[in-house]
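Here subunit A shows up in two complexes: once beside subunit B, once beside subunit C.
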Partner chain A sequence: MGRRRSGIRIALVLAAAAAIVSPLALVLYQSVLDAPFFQPSARPSLDAFRFVFADSDFHRAFGSTVLLSAGMTAIAVPLGSALAFLMVRTDLPARRWLEPLVLVPIFLSPVVLAFGYVVAVGPVGFVTILWKKIFGSAPWNLYSLASVILVAGLTHIPHVYLYASSTLRSLAGDLEEAASVSGATSGRIALTVSLPMVWPAILSSGVLIFFLGFEMFGLPLVLGDPEGLLVLSTYLYKLTNRLGVPSYQLMAVVAVVIMAIAFPLVWMQRRLLGAASRFVSVRGKGLSARPLRLGAWRWVALAAVLSWLVATVVVPLAGVVLRAFVSSWGEGVRLSEVLTVEHFTDLFQYPNLVRGIGNTLGIAVLGGALAVAWYAAIALASHRWQSVWARVVDYLVMVPRGMPGLVAGLAFFWLFLFFKPLGPLRGTVASVWIAYTVVWFAYGMRLISSALLQIGPELEESAMTMGASGIQVMREITLPLIRTGLLGSWLLVFLIFVREYSTGVYLLGPGTEVIGSLIVSLWATGAVDTVAALSVINVLLVGMGLFVALRLGVRLHD
Partner chain B sequence: MTSLTVTNVHKRLGGTDVLRGVSFSLRRGEVVALLGPSGSGKTTVLRAVAGLDHPDSGRILLGDRPLFDSGTGVQVPAERRDLGLVFQSYALWPHKSVFDNVAYPLRLRNVPAGDLRERVLTTLREIGLTGMEDRYPHQLSGGQQQRVALARAIVYQPQLLLLDEPLSNLDAKLREEARVWLRELIERLEISAVCVTHDQVEALAIADRVLLLDNGRVEQEGTPEEIYQSPQTLFAAEFMGSNNRLPGTISETQGAMAKLSGNGWELWGQLRAKRRPGEAATALIRLERMQLRDGPGENCLAGKLEAAVYLGERWDYLFRAGDLRVRVWCPAAPAQKPHWIGFPPESLWIF
Partner chain C sequence: MPRTIPSTTGLLTVFLILTANAAREARAAGADPATPAETVLAADKEGKLVVYSTTDSAIVAPVLKDFGALHPKVTVDYNDMNSTEMYNRFLAEAAAGSGSGDVLWSSAMDLQIKLANDGYALAYASPEAPGLPAWASWRNEAFATTFEPIVFVYNTRLLKPEEVPQSHAELVKQLKAHPDRFKGKLTAYDPERSGIGFLLITQDARLDPSFPDTARAYGSVGVKLYTSVGAMLERIQSGEHLLGFNMFGSYAIAKQRKDPSIGIVYPKDYTLVMSRIALIPKAAKHPNAAKVFLDYLLSTRGQEQIAKVALFSVRPDVQGETTAAALIQKLDGVLKPLPVGPSLLVYLDQAKRLEFLKQWQQAIGTK
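What follows is the complex of A and B.
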C-alpha cells in the first residue's frame, strides 16, 4: 500500500469523523454550560441538567416516550415477524406484488402520514364523519397516546419485516429439511430450528424499534399536540417557545438525554445483529424450502396484510389527497361543492414554498448523488484496508444512528451559526445537505458496503498482481462492478432525502426551506391547506422515486 | 540461474504460526509445486510471493531483485512485482469481455493498440480460444474460463507464473486433460511457475520439483519420483498415494532392515527412521505394492477377506489379519481361500 494512498484514506476518514463528531461534541459541551456556548460569560455548570430533571413536563414526556417505545415495539415486532414469515415461508397469494408494497411505509414521511390520519380519522376526518353517519358516534380518539402508539406500531412493521425476512431468506432450507427427515413435525421445526435461528434478528429489530421510538418526532408532534401530549423530541421542540428565550443549554440537555438512551441501544442492536449473522454465514444452498401450505387460511392472511396496508398507507394518503383538493372540510360539507385546485396554485404565490419544493428536489437529486459519492469515497477508503482507521469508520457509523435528525439539525444549526469558517454555508441549502448526509451516514454506508461485499477480493487482487495501482484497481475494477449498486443507492438516498423532515426543522430559514420542515412549521401555524398541498407533492415525489427504483429493479433493501 | 529465492519466511496470523521458516528456490524454466494439506501454509507462501500477504520476516528475491526483505525493510507492492497469478476462482472480471480481460495487463503497460490486439489474439490462439474474444466470462464453460485466466496471466510475459489450485474448479475428466495441457504449455513457453495444490496427482503431473509443506514448514523437497518413492518422514509417506499403516513395536534390527511386531504378526521392512528394538514404530506400505500370494511365505500374513470393491481397472480388497486391517489393490478377481498377503520388505517402510 503506497504511503500517498494511505494519506488520502486517512484524510477522508478524518473528514468524516469531523463532520460526524463535531455536532455531537458541541451538544455535549453546551449541555454542561450555564449559558449559550458563544457567550463569553458561559461557565461550566450542571444547572441545565438540574432544571430539566426537576421539570414535571420532562417527567411526563419521558414517561410517554417509554410507553410509546415499548408499545410500538410490542405491536411492530410480532406483526413484522409474522409478516416476514408469511412472505418468505408460506404460499401467501400475490407475494410478488406485495413485496415492494409492504416497504412503502418506510418511505413515507411521518408528518405526512400523521397529517393524513388527522384528515382521515381525526375528530372531523372523512372516515370519522362517514362512520358517524352510519353508526352515530365514533369510538376512537386520534389525539391520545394509545393512538400514537398504534399508528407508530403499524407504520414500523416494515422495519421488523426487513430484518426478519432477510434472515429467514438466508437460512438454508436444508436445515429445516434435515430436521423433518430426522422426524420433526413442522410445528416442532418452527420452534426448535427456525425460530432459534431467526431470534437474534427479531430481537435486534425489537431494539431498533425501541430506539426509533425515542427519536420519533413527526407522529407525536401532529397527533399528540392537540391534547398536550409530550414526548422527549416534542418536549425539546417546544422548549424554546415555552421559556420565551432560546435556552440552548436546556435543549442540549434534552438532546444529551435522548442520545444517552439511544447510543447503548444502537450498540446493543449491532451486537445482536452480529449474533444474527452468525447463523447466516453457515448457510448451505438456501432458498430451497417448500413454502408452507396455508390452505384456505392464505386468504385470511392476505386479507390481514391488505387491511394493514389500507390502514397504514391508503387511508392516510387518501386523506391527504382529499384534503388537498377541497377548500374546506367538516361535518355537513358536500364534496362536489368544495373541490378546488386552489391550494396548489396558491403555493406559487409564496416564494418560500416554491423554493422549498425546488430545494427538496435539488437536495434529493443532486444532493443525493453527492451524498452517495461521499459515502462511496469513505466506503472505498476503508475497503480492504487492514488498519485501525478502518475500525474507526466502523464505529463512526454508529454515531449518527444514535443522533436523531432533530438533534443533529439543532447541532448543525449551532455549528453553522457560530463556527466562523462554516459561516458562509449558513442560510444556504448546502447546510441542510450536510446535515442530511451526516444523519443518513450509516444508512448510506450500508448501501455501499453491501454492494462492495459482492465483489470477491480476488477480482481486485488479480488486477494488482498484473501491475494495476490502487487507483487503477478502483477505477477499472471496483467502481464498474458496483455501478448498479451505486445507482440503486442514489435512488434510495433520493427517497430518504425527500422523506426527511426533522433534520431540517432547526435549519429552516429563508433559503433553506425543504418540504419536510415547511410542513412542520406550517402545521404549527394551522395552514392546513398549504400543508395538504405540500404533502401531496411530497408523496408524489416519493411515488416517482419508488416507481423508477422498481422499474430499474433496485432492491429496496439489502 | 535462479528465478525465485524464498529464504526463511515467517508469518504469524491471529496467534498461530502460519509459516515457520519456509525456504526454497526456483530455477529458470522450472515448475515447482507447493503441495500440502489445507492449513499447511501453501497458499500463504504463494500470496507472500505475489505481494498480497506480507510475511513477518524472511526474504523473497525475484532473480536478483528483492521483492521482500525484512532485514532491509524492502516491500515491493503487488502491482510492481511483475508476476502472473492465476486464482483458484479464476477472478475473471465479469464486466470485461475475454479480449478486455486479457488485454488489461497490456493496457496497464501502455502497449500501443495495434501491438496489443496482436498479442492478445496470439495468446488466445496459443491457448485454444480463438474466436472467443468478444464473449463475457459468464458465457464460457469452466474449462474455458480457466484458459482465459491463464492467458491473462501470461500475456505480458511475466518472469514467474503463480498458480493457485489451478485445476480444482474443473470436473474430474476435464482436470485430467488440463493437467497434461498445462504442463505442455508451461514447457512450450519456457516460463518458471509455482503451483499450489492439495492434489498430489496434480503436483506430480505438473511439477519438476515438489515441495511438501506441513504446518508452515517444508517437510520434504524433491523430484516427483523422490517424493513418491523415497519419503523421508511418516507424514511425507502417508500424504502421498494410498497406504496401509501398521502400528507396532521394533523387535529386531539388522542393518537397514527391522522387524516390526504387533499382536499376532511380525514383518520385516526397511528402517527409515532411527529406531531401536523395543521402540514403538509405524510401518507404511503403498497399496499397489501389496501382493496376494497362493500360499504362505516370507513376510506374509494370512488374512480373512472382509470386503471387496470393484473399481474398474482394479479390485480394492479389505482383509483382516489378526488385529490388522489391510487393503490390497489387485487387478484380478478375489482368489480362493485362504488368502495370503505379502508385504515386500523393500516396500514396507518403518518410521
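What follows is the complex of A and C.
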C-alpha cells in the first residue's frame, strides 16, 4: 500500500478527529472556568460544579431523568422485541405493509409529536373533550412524568425493533421450527428459543434506549412545560436564564454530567453489539423457515400493532394538522367556525421562515449527499486498514453519540465565533451542516459500513493481485458495489436531517434557519400558529422522503 | 402618513430622496423622522441593518414594512429571539469582535440597561428624543420605544363576567374563595426561566404590600408557569387555563383582534407599564442605518405604526386607542411605568436574584 494513500487516510482521520474533538474540548474547558470562556475575567474554578451539584433543581432533574430513562427502556425493550418476533417469525397479517410503517416514529421530530399530543390528548385536546363527553372525565394528565415516560417508551419501540429484528433475520429459524414441530406454543417458542438467541441484541438496544433517555430534549421541553417538569437537558436549557446573565459555565457542567453518563453507556452498547454479532456468526444461515402460526391470535397481534401505530403516529399527527388549520381550539370551540389556511399563507410573509424551509431542504438534500460523501470517505479510508488509525476512527465514532445535540450546537456556535479561520462560515447554512454532519457521524458511519460489509474481501483482493492500485480498487470495485448502499444512506440521512431540531437551536440566526430549530425557538416565543404550520411542512417533507425511499426499494434499516 | 418613494433608479433616486428628505424636514411639525440628511445618505450607503429583537416578527411586520417604504435602500435583517438568548449572543459576538446586531431592541429592560451601564451602548442624541417623555431615555444610550400595559387575560367563553377579577386584590380574593374553580387554571410567566417574568414579579413584590400572601394564593391553586406570553395566550384561548396575570397587553390585544375568546383587564389597583428598550451597540457595523432606524422608531410616524400594531406608542403626541396618551387618560394614577435606568439592575446581582427566587418558590410551594 502506497505511502501517499496512507497519508490521505491519516489526513482524513485527523480532519474528522478535529471536527469531533474540538467542540468536546471546548465544553470541558468551559466547565472548569468561573465565567464564559471569552470574558477576560474568566479564571479556572470548580465553582460551577459546586453550584450545580448543590442546586435542588439539578437533583430533581437528575432523578426524573433516571426515571425517564429506566421507564422508557422498560416499555420499549419488551414491546420492541415482541414486535420484532411478530414481524420476523410469525404469520402476522399484512407484514409487508407494516414493515415500513413501524419505523415511521423514528423519523418524526419529537417536538412535533409532543406538540401534536398537546392538541390531541392535552387537558382540552380533541380526544380528551370527546372522552369527557362519553365517560365524564379523562383519567390522564399529559404533562406528568408518567405520560412523558409512556410517550417516550412507545415512540422508541422501533429502535429496539431494528436491532432485534435484524438479529432475528440473521438467525436460522430451524431451532424454532424444531420446537414448533415438537408441539411448543408460539409464546413458549418466543420466550425459550428465540429470546435467548437475540438476548445480546436486545440488551444492547436497551442500553441505547437508556442513554437516549438521558439526552431527550423535545418531549420534556413541550410536555414538561406546564408542570415545571425538568430533565437534565431542559434543566440545561433553563440555566440560560437562571442567573440573569450568561451562565455558560453552568450549562457546560450539565453537559459534562450528561456526557459522563452517556459515554460509558455508548461504550457498553458497542461491546454488547459486538457480542451479539459474534453470537450470530457461529450459526450458519439455514433455509428461511416457515413462519409460526398464531391462529386466531394473529388478529389480536395485528390489532395491538395497529393501535400502537394509532397512538404514536395517527393521534399526534392529527393533532398537529388540526392545529395548523384552525385559529382557535379547545373547550367550547366549534371547529367548523374557526377553520383557516391563514397560518400557511402567513408563513410566506416572513423571510426567515421561507429561508428556513429552503435551508432545511438544502441541508437535507445537498447537505445529506455531502455528508454521505464525507462519511464514505472516512469509512473507505479505514476500510480493511490494519492500523491504529482505524482504531482511532472506531473510538471517534462514539464521541458525538454521547454528546447531546443541543450542547454540540452551542459548542459549534462558539467555535465559529472565536476560531477565526471558521469565521466566514458563521451565519451561513454551512455552519449548521457541519454541526449536523458531526452530530450524526456515528449513524452515518454505521450506514456506510453496513454497505461495505456486504462486499466479500475476495473481490478487492483479486483486483489487487491483478496489480490494481489501492485507489483503482476503490474506484472500480468498491465504490460501484456500494452504490445502492450509498443511495440508501443518502435518503436516510435526508430523513434524519429534516427531523433534527436540537443541534440548530444555538446556531439559529439570520441565514442559518432550519425548520427544526425554528420550531423550538418559535415554541419558546409562543408563536403557536406558525409552529403548527411549520410542523405540518416538516411532516410532509419526511413523508416525501419516506415515499421516495420506499419507491426506490431502500431498506429503512441495515 | 404614507408617502410614496420615486421608483426611478440610479443617481436620480438618491437625488429625489434627498430632496424629499429636505422637504420633509422643512415641514417641521414632522411626522417623519428628523434624521439629518447626511446620516440617511450614509445609511443608504451601508445598505443593511441587523436588528436583534424580542418582538415577534409576526407582530412587528407592518412597522418594518413602513420603515422599508421610507428607506428602501436599507435592507433590514430582523431576528427575533428570546431576551436572555439575545443578551448572551450579543456578549459572545462582542467578545469575538465579529458582527452582531446594529440595533438591540428588547423587552428585557434590565438587561438592556445593564448593557448600557457596562459601556456597550453608543451615545446618540437622537433628534427625536426630545419628543419622548423625560423618563423614557437614559444617558442618550437607551430609549423606551413602547408603553405596554401589563394586564390580566382571561377566556371569555369560560369565565363569567362576575368571576373576572378587576385588581390584584380581587384576584387573590377570587382564588381564595374558589380554589377548586381555579385549580390548575391560573397562568403566568416563570420568573426562573424568563427574564421578563422575573422583572415583572419583582415589580409586583415592590408594589403589592401583601405580596407574600398574594404569591401563596397563586401557589394554592397551582399556578402554571411558562416562558412566553404566546404559550400562555394559546392555553387561555383553548380553555386549558382560565386566566393569566402579568401578561403583555400588546400581545393580548393582537390576539384578541383575531379571536374574541380573549378578554383583557387593566388591574385597577396598579397596572405595570413596561417598554421595549432600543440601543445601538458601540461596535455596530452599520451605525448610520442603526441611527436611522432608532430615529424612525421614536418618530411620530414610527410611533403611529407602533400604536397600529398595538405595541402602544410612548410619544404623548400620538393619539389613538393603543397609545400612552389614551392609557393615561383612562387609568391615570393607576399606571406604574417601570423606570428606564439603573434601578432595574438590583436583581441582576446573583445573590439577590437567587434569594428572591428561593422565596418565590417557597411562597408558591414548589420547594
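Simple rule for what comes next: the second predicted complex is superposed on the first by the 537 of 558 C-alpha atoms of A that agree within 3 Å, B and C clash if a C-alpha of one lies under 4 Å from a C-alpha of the other, contacts with A are read in each partner's own complex, and residues count from 1 in each chain.
Here, contacts are C-beta pairs under 8 Å (C-beta built on N, C-alpha and C of every residue); 3 or more make two chains touch, one makes a residue touch a chain.
All values derive from a computational prediction rather than experimental measurement.
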item: Broader residue contact with subunit A after superposition on the shared chain, subunit B or subunit C; value: C
item: Which of subunit B and subunit C A:226 touches, first, second, both or neither; value: second
item: Partner chain(s) touched by A:467 [first = subunit B, second = subunit C, both, neither]; value: first
item: Partner chain in contact with A:426 - subunit B first, subunit C second, else both or neither; value: second
item: Which of subunit B and subunit C A:187 touches, first, second, both or neither; value: neither
item: Touched partner set for A:526, first subunit B, second subunit C, both or neither; value: second
item: First, second, both or neither for A:38, with subunit B first and subunit C second; value: second
item: Residues of subunit A at both interfaces, subunit B in one complex, subunit C in the other; value: none
item: Interfacial residue positions of subunit A with respect to subunit B in the complex; value: 1-2, 456, 458-459, 461-470, 472, 476-477, 480-481
item: Subunit C - residues contacting subunit A, complex; value: 50, 56-58, 61, 77-82, 84-85, 87-89, 91-93, 95-96, 98-99, 110-111, 114, 157-158, 184, 190, 192-195, 198, 224-235, 237-240, 258-259, 261, 347-348, 350, 353-354, 366-367
item: Touching residues (chain side subunit B, partner subunit A) in the complex; value: 50-52, 77-85, 87-89, 91, 93-95, 104-105, 108-109, 152-153, 156, 162
item: Subunit A - residues contacting subunit C, complex; value: 36, 38-39, 56, 122-124, 225-228, 238, 240-246, 248, 327-333, 346, 349-350, 352, 413-414, 417-418, 423, 426-427, 508-510, 521, 523-528, 530
